[in-house]
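Each of the two complexes below includes chain A, the first together with chain B, the second together with chain C.
Right after this comes the complex of A and B.
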């Protein structure tokens, strides 16, 4: 099988090889542009996230996928489920808004809590931080799809799978002539 | 594959004969090879080059969007991203249109130079497709004079089994025969009025 791939590669001329590389580039670009398109459409930096913990059960389970929007003009309300980022943590958190303070100039401060946690999130925030501000918000949960995110969880927990899958796909596309 | 075999002829091409794409690509290359080496045609790359150009443009747009978004994180880059995304998908559409309506399966455009230098070049276009599950290789050759008034065309369909042996090795001489026959038939054809 692999022999055949190499054979293909051997018999390519300059233009065919360049086209091959461009095809590979376009597959990656298409994925990228769909993602960027979703960003523009939803207004959120990461329009789709996977739930990594059970802190929001029974609303969301580990492995669910959430669709987020982050429209500036929509007011934030208590009870909404938001995804936010905390300084010093890489992974965003999905929790519900418990308390909210709104100023007349539009700035807000809010406190969050996981449905399945017994206390609010102040222990999770950066040391000394009591409230979250609008800038910390990544988006509001608008819809979800169960189980799909399990793949993401698996790939995050066993990075070797991720690299193996990526390497296989890359080789296939690069070596197999269009 | 024995070692002696590869020693005797380095140019022998052996492929996986169950792979349609590999069959088509190998045959296409062989046909082009005959036109260029036997009849001294000069290959005209413009059709391929335009496609490569559009593809490069698409990749560049995506790369630019990625770079811009990296240096101006999201809410700031919104407008540029919108433009890039729209441009990218329009370009993708253009590529699809180009390959279906302009290239139409043409894998080689070659120019037949007039040796005396008086007459303009004659253009030969070769296109092909393999019908799935039948294993038939349809090869079309079109001969056009420079002004496009005299257009002659001929298509043959033969099973791919004609061109390959049981092992999947290409029989270059069979391809050469077929192309020669086709070329002569095209030349004999009357001008289509």
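Right after this comes the complex of A and C.
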């Protein structure tokens, strides 16, 4: 089969090869456009996240997918599931708001807790930090899709799989003749 | 032509498309469901103390103590696209420091098949009722509401407020 690929490559002329490269570029750039478009549409920096931990079980398990929005005009309220980032931690956390205090000028501070954790998140925050502010919020969970995110988790944990998949896809696109 | 690879490929593709279609149909079938239902709440013992919130800060804040009754039947909320309910009771009030305060006092996870007809008597709160300052003593307008977050098998994650609330006031003296 691999000989076939090589044969194909040999018989391709330059123009055809360039055309395939362009096609490949189109696919990548349209994927990027969809992602950036979703960012604009949802108002969130990462509109789709995979759940990485079991702290929201039994609602969300590892590998489930959440769709986020982060509209400024929608007030933040208690009970909402928010995704937030903490200084000094790379991985965003998905937890539920337990307490919220809003000043008359609209600034808010809130405390979160995982459904499956017995205590609130103060121990997870930066040392000395007692509350989260709106700037820490990446988005609010609006939609739920089970299991699908396990693919990205596997790819991130075993980078070899990721490179293998990427290489296969790349070869297929480059060598596929219309 | 009909190699093992191509057969496997088409079986896999077909399975995936069937699964995607069914999942999407499941999502669509419950998109317009009205999940509202009623609840009755009552407070029994109401006290307010003034203490430092140990382990958090040395600032002295108001701490409310309440016990409550709660009645609600959530059985009707479960349809084929409801995996779990996250039910929570919130105290909402206004203080001189904050225009809006929301504190969750009690919550419960109800999985499909578990008892969802809640008849709670003389319950203590699950979480401490700390205010952000000293705005609980003598507060005349603290409202308890019940809300639930519906966790589906697939689809939206609506938060619905139950119809019915309970308003109470805190005493004007601290309990020692």
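The definition used in the following text is that the second predicted complex is superposed on the first by the 176 of 178 C-alpha atoms of A that agree within 3 Å, B and C clash if a C-alpha of one lies under 4 Å from a C-alpha of the other, contacts with A are read in each partner's own complex, and residues count from 1 in each chain.
The criterion applied here is as follows: a contact is a pair of C-beta atoms (placed from the backbone, for glycine too) under 8 Å apart; a residue touches a chain by one contact, two chains touch by 3 or more.
This structure is a prediction, so every number in the text was calculated from the model and none was measured.
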Review point. Does the chain A-based superposition show chain B and chain C clashing or fitting?
Key: fit
Practice item. Would you check which partner chain A:30 touches, where first means chain B only, second means chain C only, and both and neither mean what they say? Key: first
**Study point:** Inter-chain angle, chain B to chain C through the CA centre of chain A, in degrees rounded to a multiple of 10
**Key:** 140
Check your understanding: So, A:39: does it touch chain B (first), chain C (second), both, or neither?
Key -> first
Exercise for review: Go through the superposed model and pick first if A:118 touches only chain B, second if only chain C, both, or neither.
Suggested key: neither
Exercise for review: Check the residue A:18 against both partner chains and state whether it touches chain B (first), chain C (second), both, or neither.
Suggested key: first
Check your understanding: In whole Å, what is the nearest CA distance you get between chain B and chain C after the fit?
Key -> 7
Study note, to complete from the structure: chain A positions within both the chain B interface and the chain C interface are none
Review point. Which part of chain A faces chain C closely enough to touch in the complex?
Key: 58-60, 77-81, 96, 98-104, 109, 115, 120, 122, 130, 141-146
**Study point:** chain A-facing residues of chain B, complex
**Key:** 13-16, 19, 21-22, 25-26, 29, 45, 48-49, 51-52, 55-56, 58-59, 61-63, 65-66, 69, 73-75, 78, 81-82, 84-85, 88-89, 92
**Study point:** chain A contact footprint on chain C (complex, rising order)
**Key:** 23, 56-57, 83-84, 86, 88, 90, 97-104, 109, 111, 127, 130, 132, 147, 149, 151-157, 159
Check your understanding: Taking the complex as given, what residues does chain A use to touch chain B?
Key -> 1, 4, 7-8, 11, 15, 18-19, 22-23, 25-26, 28-30, 32-33, 36-37, 39-40, 43, 45, 176-178
